[in-house]
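In the two complexes below, chain A is the common chain; its partner is chain B in one and chain C in the other.
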Partner chain A sequence: MPKFYHDDEAWADIAPLPQDDGGLHPLAAISYSDEYSEAMGYLRAVMAKNEYSDRVLGLTEHIISMNPAHYTVWLYRANTISEIGRPLQDEIAWLNPTALKHMKNYQIWHHRHTIIDALGSADGEAEFISSMLEKDSKNYHVWSYRQWLVKRFDLFDKPEELEWTHSMIESDVRNNSAWNHRYYIVVGGREGKLSVELAKQEIGYTQAAIRKAPQNQSPWNYILGILRAAELPKSTLKDFTCEFADVQRPEEVYSSHALDILADIYAEEENSKENAAKALELLATKYDPIRANYWNYRKGLLDQPNIAA
Partner chain B sequence: MAVPLRFSTPAPSSRLEEIIPGSDRIEELSDSSGEYEDMGTATVEEQAHIAYLNSVRIPITDSLETATSRMDDKTAEIILPFLEGNPDGFTLNTFGIPKLQRESHAGALEAFLGDYPARVAFMDASRPWIVYWALQSLTALGIDISAYQKRVAHTFSLAQHPDGGFGGGYGQLPHLACTYAAILSLAMAGGTETYETINRKTLWHFLGRMKQADGGFTMCPGGEEDIRGAFCAVVILSLTNLPLELPPDAPARKRGLTSFTDGLGEWISKCQSWDGGISAAPGNEAHGAYAFCGLGCLAILGPPKETLPKYLNVPILINWLSSRQCSPEGGYNGRTNKLVDGCYSHWVGGCWSIVEAATTTGLWNRTALARYILSACQDEEAGLRDKPGKNSDAYHTCYNLAGLSAAQHQYKYDENVNKGLGTGNLGAAYHWKTEGVYDGKNNVWDEGDVVKTIHPVFVIPYMSVYEMRKYFEEKEGF
Partner chain C sequence: MAPASFETSRLNHARHVKYWRRNLKTLLPQYYTSNDSNRMLLALFTVSALDILGDLDAALSAEERQDHIDWVYSCQVPEGGFRPWPGSDFGKLRNQENKKWDPAHIPGTFFALLTLVVLRDDLQKVKRREILEWLVKMQRPEGSFGETLGSDGFVHGGHDSRFGYMATAIRWILRGNLEGSCEGVPDIDVDQFVTCVRAAECYDGGISEAPFSEAHGGFTCCAIAALAFLDRLPLSPSQKPDRVIRGVSDVPKTLHWLVSRQTLTLDEDDGLDTYNDETDSSETCHDAHTFVKMGAYQSVQGNSNSKGRPHIHYELEWVGMNGRCNKVADTCYAYWSCVPLQLLGRLDIVDRQPIRKWLLDKTQHMVGGFGKVTGDPPDLYHSFLGLLVIAMFGEPGLEGVDPALCITNKAKKHLESLSWRRRLTGMDDAQDEGITLAAERMHIQA
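== the complex of A and B ==
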């Protein structure tokens, strides 16, 4: 049933402000329904007089149900909640089903962020996030929100956080969002340099993941990120990388990413430029030809001093 | 190690590849493998496409199945028939690739600018975007948009907020994304009267309120801070030639900042992630659209040769950007292990001009991208799309065409270009030029498929960029 305000006694004191499109016909104009049009007229009227009240809360809910991407309405709702002191738990309870319906919406996530920040507690958020990721395991907003939660509530050292991230990687070792979260809690979101000891743990963990599917780029990138953070050379990985590619046996390459790293390892060694060039040639001609230009560019860099990435 | 076949056509075994030269391989396979029925009926053109796809395919596939690999396989099954053949029966160019369907796309774009039914009320806050995407697409197709000039100015004058900046429409709060789309649309519409609808003084104050103490920008009052905000803000500041100093009422002033650019490069730097890409905000996952925002921002802060190495690890950035090109599809994805999508033709494809201006040319595969756009992203009816099976829309039309433009034209940074322009604040991006149409190996487009040049940073025509900046450089005061 559409909801209207003009015959609602509770709104009798408000004169709606209709949308003024005066003069020329605007581009990309929407022929609003009477219901949407009227509700927006009442919203403009209450915004003009800075009214924050329970009825405004109801009005914003009504408009959000018709247009969840309406940032103006969300922002005004957040202000209303803060002004009238609506219990924040009530707001979260209302928000949950709305968020599940509109997962790719910036406003809902930012609203949640605002409310949880004010509430000062992350209780229940982990469970909520898990239920969202079950529907869309790489949702950018959900993962970004999780990173904010870790920082806001200092969850870096909470064992459950790393365990949960591990379970997400376990269920799909190719989920780059999960690898990103791991990096964030292990090193990215923290201050200071990564210790060699912790780096070695991470390297061991990642090597096991690579063995499951060597052509999966996420853990290869992750392991390189860890080396960079701990200021360890790529040659740390030489033996491991050679399990998946050997320039002397060009028929037996099990990972193009291994060839990529081998090229850098050889480039950094004395007298191994030829092997580096061979790895890059294999990539350009056979194992990753769509990027031939890039591999040839890297090959060109071999003749220049200091090419380390 | 087991190597199951991923795609609808077989990847030749490495031994076979050695023994039989590429041109004969198709026949060999069609003779010997009865399970690939379509191979027997393939036309000469289709055989050539299939041979090409085999030649750019990564010949390694892991046997482990996960949700990601299942989705990849399913998607490839949908896309590959469009790269191998011509299921929609488009007219083909001399390379056997669908021609750019100019007339039907133009029709769709005119419709995007028209009226919408009530059921799309969810787009009420995105109307500035729709106008920008449609106008930019029309100019990319070489269509004169001057008939829209007055309506563009009117549409955005209704969306301008009394406190500065533009919202999604009348009565909506100002938002940086809406303001970005508004300024670019007004620049394309052109003309003194159009430019003068912008209240630059209140705009300056609005931007001042978005500047954050950590160097970044929020999208709207009380809204999220991410790299879109940084990019939109510098695009607006630069095109409208606003003062770089923060307005007196900017909250960031209380935290010791005095300029819009204070801490900005450093903030972008923190958005570079562990794998080399660029994310929405520090700590988030690297993503193609945010990479373009970050690079665009740096290309406005100064010449790419200076700003990219100053704020980013360029070698790992190039590695990450390069990895976004999907094999064998040729289009880009936005993140590691995600699906190819036509919109990244611009978001990732558009990064290359800026990166090449900081390094060297010839880093990427332009023709593979163009092939994906022309073969897989043109909707049978009209407009361009994410991938086969998805509907076309203004967003995908705009960014596929912008990506096609990036593939076809060679955009070069040259500080000797336009020496008289951009001498003041944020003027670096006025020194780009076009060095002709790319003509390399494996070309897939005829002259009739070439779209117009597009400014690689502002993503509107060069003339629109120059004229708006020139107007506001010559104007005194707000």
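== the complex of A and C ==
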């Protein structure tokens, strides 16, 4: 049911401030509902006099439900909360369902950071995140928020974080956000550097995931990232990639990504340029023709000395 | 060279004109209310789309054009910079105590300046000096830019490359490529910004919101466009190294990530893998969609799926682009992925024809405009970005565009010809002055 203010006793003292749309020919003018126009008029009126009160809290909530991208209404709400001393837990309780309604909104997350940071506790946040990811397991804001929590509350070395990430990968091995989060914990938590020992462990983990679905790019990207962080050469993966692709047996290729890496490995070897070219040709003509231009470009680079693809 | 079907995929020029004229002349439907605070973005898209379609002059009388210009200026805040909508304006009640709720806004300023340029205004009424002073305050110590400035000097908004893109574009619009202080106004910290962009590079070659976040087409495009505005993209091998910090740090890896955005996974159902083993059909192979396993992995279902197919590559005629690894194609990501390729000088490593065909055959809508995915109704955002991609591919009947600035080359030339800007950027000399003035006069008459 729409909510109006002009007939509400509690707002009788406020003269709404209507929107001035600057003359006869505004651009991108929207057919506002009466409800929205009126609420915005009251919002401008209370903002103009810096009123911080319970009724303001209700009004900001009303505006947010219709226009969550209104950037200053969130700041105004945050000010109001601190001015009237609203318990931060109450704000989080309100934010949970609101966030579920506006999953792709930036401002909500900024607000949540502010509140949780002030609360100084991540209690309940893992459950909240899980409920968000149930609706959209690759939601960018949710994963970014999870990273912020890990950093803010130093959860890098908590085994639960890696276990949870593993469970997310288990439930969808193609979820690139989950793989990225794993990288954040494993490599990001160590300032980008990785021991060979830990790298080996991660390589083993990723290889198992690739064997499950060899045409899934996420773990291939991940494993290359791990190699780089541990300063290991791509050729470390030569035997493994050969499980999925062999340029001598072009009919038996199980992963275009394996061919791609193999091409790089061959390009760096002495006297294997021909094999590299063969791998790229297979990609261009047979296994990944949608990127034919790219594979041909890579092939062209093989003839240029000292330029690694 | 072009397949026969090239002829059947057509940009329905008249419908697009109709769609954008309707957006210009009538109120946007109520569901745009959630975009109310982005009205300046919608404003730019509307006038720039008509400019790209070559219809802007016909669509507007001189008086209407002036009224639109005046509307944009009505969003300029007294301290300099623009609000992105009239919604936060207190009018006569605006004062020192409440102006914090009506701040200048980075996207608002970016889209307002471009809207003025597209409408061929001379930006003489823009508080240019104040904007440049404010830009410096909008940068955080680690290099990123925010959305608005609090009264306590705190920079509100995300730390990602979107605001950096718009801030560096504002700087380019108002002072070109000049580095260092300009007419007494200090410059932003360009080196620190480049450092910040590099810190958000991911292990797979894409760029993300923040260090160690997931690579994302939108952030990758914004970051690379910002580096272009700052003249900080990597030098080509033929150029002399200059010890200046540049980004991105590993161009081959970034190119690899960008071309990986081409996908045949065109809707959510394509993403389903019924047997959970990737074997049932080529449809289930994300980002290598035509990948056909010839060996023992092929399942019964896989065989039956490919039976009766005219050609194993026939579906390659339509290729979409996604914004992240293992996501479905979406009209706007054709923009976010192709623009950085163009800025890096390597648009040739994607095949433009199937992308064009996908946009025209799959997401172009009967009523004009483009939807997000096949079958979606058009919205201003996807309609504009889809049109920009088609235009940047050189579609006959469309104006040439500068896709990173979201305007036509003609509009950009207009900006570059303005006398105040030529003076600042050192482009001014007596010889050219006459030509410039003549060009400006012509625009006024247009």
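Heads up, the rule we're going with is that the second predicted complex is superposed on the first by the 298 of 309 C-alpha atoms of A that agree within 3 Å, B and C clash if a C-alpha of one lies under 4 Å from a C-alpha of the other, contacts with A are read in each partner's own complex, and residues count from 1 in each chain.
Everything that follows uses one rule, which is that contacts are C-beta pairs under 8 Å (C-beta built on N, C-alpha and C of every residue); 3 or more make two chains touch, one makes a residue touch a chain.
In this text, all values refer to a predicted model and were calculated from it rather than measured experimentally.
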Clash or fit, chain B versus chain C on superposed chain A:
clash
Contact-wise, after the overlay, does A:L155 reach chain B, chain C, both or neither (first, second, both, neither)?
neither
Given the touch rule stated above, what does A:L59 touch, chain B (first), chain C (second), both, or neither?
neither
Let me test your reading of the model: by the given contact rule, A:A199 touches which partner, first (chain B), second (chain C), both or neither?
neither
Is A:K49 contacted by the first partner chain B, the second partner chain C, both or neither?
second
Of the partners chain B and chain C, which touch A:N216 in the superposed model: first, second, both, neither?
both
With both complexes overlaid on chain A, does A:A78 touch chain B (first), chain C (second), both or neither?
first
So, does A:T114 touch the first partner chain B, the second partner chain C, both, or neither?
first
So which bits of chain A does chain B touch that chain C touches too?
17, 19-33, 36, 40, 44, 47, 66-72, 75-76, 106, 110, 138, 140, 143-144, 147, 174-177, 180, 183-184, 187-188, 212-218, 221-222, 224-225, 228-229, 251, 253-256, 287-294, 297, 307-309
Touching chain C in the complex, chain A uses residues 17, 19-33, 36, 40, 44, 47-50, 66-72, 75-76, 106, 110, 138, 140, 143-144, 147, 174-177, 180, 183-184, 187-188, 212-218, 221-222, 224-225, 228-229, 251-257, 287-294, 297, 307-309
What part of chain C is in contact with chain A in the complex they form?
23-24, 27-30, 32-40, 42-43, 46-47, 64, 67-68, 70-72, 74-75, 86-91, 93-94, 97-98, 100-103, 105, 115, 147-148, 150, 156-158, 202-204, 209-216, 237, 252, 255-256, 259-260, 262-264, 271, 273, 277-278, 285-295, 297, 313, 316, 319, 324-327, 346, 348-351, 354
For the complex, give me every residue of chain B touching chain A.
1, 14-15, 17, 55-62, 64, 66-69, 112-118, 120-127, 130-131, 134, 148, 150-152, 154-155, 158, 167-173, 175, 219-224, 273-276, 280-281, 283-287, 313, 315-316, 318-320, 322-323, 325-328, 330, 335-338, 360, 362-365, 368
Can you name the residues of chain A that touch chain B in the complex?
17, 19-33, 36, 40, 43-44, 47, 66-72, 75-76, 78-79, 106, 109-110, 113-114, 137-138, 140, 143-144, 147, 151, 171-177, 180, 183-184, 187-189, 212-218, 221-222, 224-226, 228-229, 251, 253-256, 260, 286-294, 297, 307-309
